[in-house]
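Several structures are given next for inspection.
One chain, chain A, links the two complexes that follow: it is found with chain B in the first and with chain C in the second.
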Partner chain A sequence: MWIYALHRLLYAIPIALGVSVICFALVYLAPGDPVQSLIPADATEEDIAAIKRLYGFDKPLVFQYFDWLGRALTGDLGTSLQTNRPVLEDVTRAFANTLAIALIAVTLAFAVAFTLGTLAAYNVGRPIDRIATSISTVGVSVPNYWMGIVLVIVFAVNLRWLPATGMGATGSENFDWLDWDSLKYAVLPVVTMAMIPLGVVTRSTRSAVADILSQDFVQVLRAKGLSNTRILVHAVKNALPQILAVMGLQLGYLIGGSILIETVFTWPGTGLLMSKAILTRDIPLLQGTILFLALTFVLINLIVDLLQTLVDPRMSRA
Partner chain B sequence: MPADATITTAQAGAPAGPARRGYWSSVAERLRHDPVTVFFLCVILLAAVAALLAPVLAPHDPYETSMLKRLKPVGFEEHPLGTDELGRDMLSRLLYGGRVSIMMGVLPVLLAVAIGGTLGVLAGFLGGLVNTAIMRVMDVFYAFPSVLLAVAISGTLGGGIASGLVALTLVFIPSLCRVAETATSQIRSVDFVEAARASGAPTHSIIRAHVIGNVLPPIFIYASSLVSVSILLSAGLSFLGLGVSPPVADWGAMLSSLRQAVYVQPLVCALPGIAIFVMSLSFNLVSDGLRHAMDVKA
Partner chain C sequence: MTAPLLDVRGLTVRFHSRRSSATAVDDVSFSLAAGEVLCIIGESGSGKSVTMRALMRLLPERRAEISGRIGLDGNDVLSLGDRALNALRGDTVSMVFQEPMTALDPVFTIGDQIAETVRRHRGASRAEAEARALELLKLVRIPSPERRLRAYPHELSGGLRQRAMIALALSCQPKLLLADEPTTALDATVQIQVLVLLKRLQAEIGMGIVFVTHDLGVAAQIADKVAVMYAGRIVEYGPARDVLLDPRHPYTIGMLSSTVRGQPRDRDIEAIPGSPPDLAALPPGCAFAPRCRFAVDACRAALPPVEEVGPGRSARCARLAAARPAAAAAAPA
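Right after this comes the complex of A and B.
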């Protein structure tokens, strides 16, 4: 098991490097001269010369990449063209906000989906199974950015129960987990965000639990006269690692793909930051955010895999 | 796995047995008993035909603005679905918008099947270094959440249909490549392929005769499930302002520009989203139905 863990850990390094190459290449994908995309429009000649030196645009590409990587590794992701603040500072502040709603959303989705999926697996073909399957199909089919708008119409405009957008009455950018005045702004974004993981996790729980219920050892347990609840415990114990892995991946998708939902709710997380960076063509900010989020996703995948081996030693032999 | 020819010939010998049945007719038979799939298949076909025939079907010019008729409700005068924030006819715009939105659902997936599928079959069949090279590059692209990769590429390219197409194709290539690679390496070690190789058949003819036919069903099923994702993602990119440039109609862009008007005409504003939802739901359900009918485990 430890050998597997070490393998997995070492394997994450080339992946992370590959991710950094793609993020580095993005600047060259941007239309126009890469220097142009890195400097504000009103930059002076000296500014341009300074940027060119700083980024080493006079050197070959490979050297430029390693220079950039070296700076990125020490936490220097460049400076935002709009705010002139270090990119890393903006990204980490926004990341805390994204992480907050993503964590709540994935927990909520898991609680509902796990119950629904297990119920469905115990009642294959019955109405409860049909309902669970329909919910999961809708969850993965609904455009969540549109659902966010619908929720705003219903709960913020018509019923006036919850605030429509933003993160606090005063436009504060610090999320407080324990204060309802702060928390209520997160309700609609969280519910919207939970839709896709709800659909995916319900589906995988249903198939994982149904699969285990059809195995021989469950027949033996039944023959031994175990109650349904006791059998459920066995089934859940066997299905859980697999479902937790799916959920971990979903958390990664939520964090990396929060841009649509954060745009709908003007939630000041990494997604909204990217959205702003795209609108203002703030390439350093965009590149830094993408690198940060992609590396987070690599890290989440690594943690999920390692945890799964820890919980379920069968995995490392596969 | 498709029922192969040997079974069919065996059945043909039995006089009282059922009529000679090939793989595709048994798929069609299973679909006949699946009204849900057939219904949503019809929805997709109808939507596609409606979008194709938009110039004939649309009651108004989708670009004709009217200051007097802005944001009218569903059923207003000669506008069955109301008007948008510039007084343009919603029904006409939804019909024209379907052209871009449905195309952006299907085209990136087709391109990704061509590129990712080819790479996957090569990786799976040739194995060794080629496999390692191709699959490790795919792993790197896999390390991006799909929305992030799509936004990253489309965003740095500056938006527009072409950059959206490139972005979505790149998003789908790695997973299709994996499916193709897995299916190919499974088929590679099957007896009849070993036999073909032992009898000296050249690689390209083994791939053509034995591999493609067995690898296509899982790729096709997986690709069909991606169409729904592609519709959601491309509409999402448009919603972020990275899709078509105004005044071209596209469901995601319509949803985005109508967002300001949710307080005035909630129903009209919800229409483009409903269109996206119905298409994505239909493709999802049809994909599930086809998976069962074609008996592909993926």
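Right after this comes the complex of A and C.
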């Protein structure tokens, strides 16, 4: 088990490096010149060259990459071209904001989806199964930005129960989980965010548990005289690696922040930060944000892999 | 004479699907005294496994309709509530399945799976149940049992898994063990080991066994009584010695003469022509008639009644007299 954990950890290093190359290169694949947005229209050739030198844009790409990587490893993701603040500072603040709603959303979505999916698997073809399947289909197929807008119209505009946008009265205050005045701003984004993972996890839990329940050993469990609850424990433990894999991916997507949802609700998280960086061609900010999120994704995958091995001993042999 | 351990009367199992329904087990009756071994013999699809599952009510309740009477150790199995049924399963009656590779839960250790049953039925503590599990692994002769207790099923060979499965079935000292082709999926050498083990355990513990097989050699080894099934019905029933040495039903005769038993190399093995019938469309008369060389119009018109053919012996055939000389010819000299 520990050897396997170490292996996985070592595998994560080349993955992280690959991710960093892609993050760096992606930005250069996009059309346009980052310097253009920084300089006034009447700047001279020398001015442009000076600015390029200042930011290191005059060196070959490979050198730029290693410079960038070297600094990134020490925690320096550069300075934002627009605000001149350290990128790391902006990213961590936005990340904390995204995390605040993403964690509530996944906890809710996973709890409901897991229960619904398991119930549906136990009652294939019965009404509860039909309800669960409908909910998951809606969750997966309704576009979440549209869902967000509809929720705003109903609960903020018509009913006036909840605020429509922002994080706090002035737009972006510190988020406090325990204070309703702060928490109420999170309700609509959380509900919108939870829809997709709710659908996806319900569906995969249903199919994973139903698949396990149809296997031979379940009949042996019944022949042992075990109660339905006890059989459920067996079924869930068997289905768990598969469910964890799906949950890990969904958690990764949510923590990455949804550009669409955060834009609809002007929630100052990583999604909004990234869209700002793209629109203003703020390359260091964009690279830094993508790198930070991609590494978080790698980390989540690593954790999911290790959890799967804990649950299913056959995994560590693969 | 005391009441038999297992008494099955007119057991019938019908499977319903949206389009059709099929009678997998039709009016099956047999009984078993404590400590006796009954072998149910038949080819695939003859209803032997379904009979076994019906005895424990393991068939899917929404699709399988079970009727008749199953008396087990003073309980009327078919009228028990879920709770009482679960108390019986794994305790008074337990089952060993055909496929050891898929019968154990892959994510729990062997020890946990055995201990779970002990704790369920005996209310034992974790430590007591584990001690019992170790004892059972020793009983079924699994080498280095302490290590195997913590092993997962995928870490054991097929033979060892089947031994573990037997240990699991024996964990609460059942009065009746249902063994559904427990040796079929194993290598020939392992098959014999498992068979010898079962026979020895049966003698030691004194439990009754219903043993399903399609292998007549296995039946001859272990059985006190034999029931031959064809298309969901018992066609011949009686003491193992009598039935195997002096078969009366044309199907049993055909089956016995189609086993390889030191025939000269140049003589063909007599196979039964044709193949088993479709259970959803059984003929009105004897189901074996289309393949039977003694069949007459009466066989095809109506189901022949069960006839006593000796002490504790019966056969369901209208042409017993005609089949008799052939049986004598087929019997080993």
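In this section, the second predicted complex is superposed on the first by the 282 of 318 C-alpha atoms of A that agree within 3 Å, B and C clash if a C-alpha of one lies under 4 Å from a C-alpha of the other, contacts with A are read in each partner's own complex, and residues count from 1 in each chain.
Heads up, the rule we're going with is that contacts are C-beta pairs under 8 Å (C-beta built on N, C-alpha and C of every residue); 3 or more make two chains touch, one makes a residue touch a chain.
Keep in mind that what you see is a predicted model, and the values were worked out from it rather than measured.
Asker: Taking chain A as the common reference, can chain B and chain C both be placed on it without clashing, or not? Answer clash or fit.
Answerer: On the shared chain A, the partners fit.
Asker: Considering only touches as defined above, state whether A:4 meets chain B (first), chain C (second), both or neither.
Answerer: Neither: A:4 stays clear of chain B and chain C.
Asker: Mind working out whether A:237 is in touch with chain B, chain C, both or neither, as first, second, both or neither?
Answerer: Touch status of A:237: second partner only.
Asker: Determine, under the contact definition given at the top, whether A:22 touches first (chain B), second (chain C), both, or neither.
Answerer: First partner only, chain B.
Asker: Figure out whether A:140 sits in contact with chain B (first) or chain C (second), or with both, or with neither.
Answerer: The first partner, chain B, only.
Asker: Check the residue A:311 against both partner chains and state whether it touches chain B (first), chain C (second), both, or neither.
Answerer: After superposition on chain A, A:311 lies in contact with chain C alone.
Asker: Using the superposition on chain A described above, determine whether A:226 touches chain B (first), chain C (second), both, or neither.
Answerer: After superposition on chain A, A:226 lies in contact with chain C alone.
Asker: In the three-chain superposition, say which chain, chain B or chain C, touches more residues of chain A.
Answerer: The partner making contact with more of chain A's residues is B.
Asker: For A:65, is the partner it touches chain B (first), chain C (second), both, or none of the two (neither)?
Answerer: neither
Asker: Just checking: does A:215 make contact with chain B only, chain C only, both, or neither of them? Give me first, second, both or neither.
Answerer: second
Asker: Between chain B and chain C, what is the tightest CA to CA spacing in Å in the combined model?
Answerer: 14
Asker: Enumerate the contact residues on chain A facing chain B in the complex.
Answerer: 14-16, 18-19, 21-23, 26-27, 29-31, 137-138, 140-143, 145-147, 149-150, 152-153, 157, 252-253, 255-257, 259-260, 263-264, 274-275, 277-279, 281, 283, 286-287, 290, 293-294, 297-298, 301
Asker: Chain C touches which residues of chain A in the complex?
Answerer: 215-217, 219-227, 230, 234, 237-238, 311-314
Asker: Spell out the residues on chain C that touch chain A in their complex, using ranges where they run on.
Answerer: Result: residues 53, 56, 58, 86-91, 94-95, 97, 99, 102-108, 116-117, 120-121, 152, 154, 165, 168 of chain C touch chain A.
Asker: Chain A touches which residues of chain B in the complex?
Answerer: Answer in residue numbers: 136-137, 139-141, 143-148, 151-153, 155-159, 228, 232, 235-236, 239-242, 255, 259, 262-263, 266, 269-270, 272-274, 276-277, 280-281, 284-285, 288.
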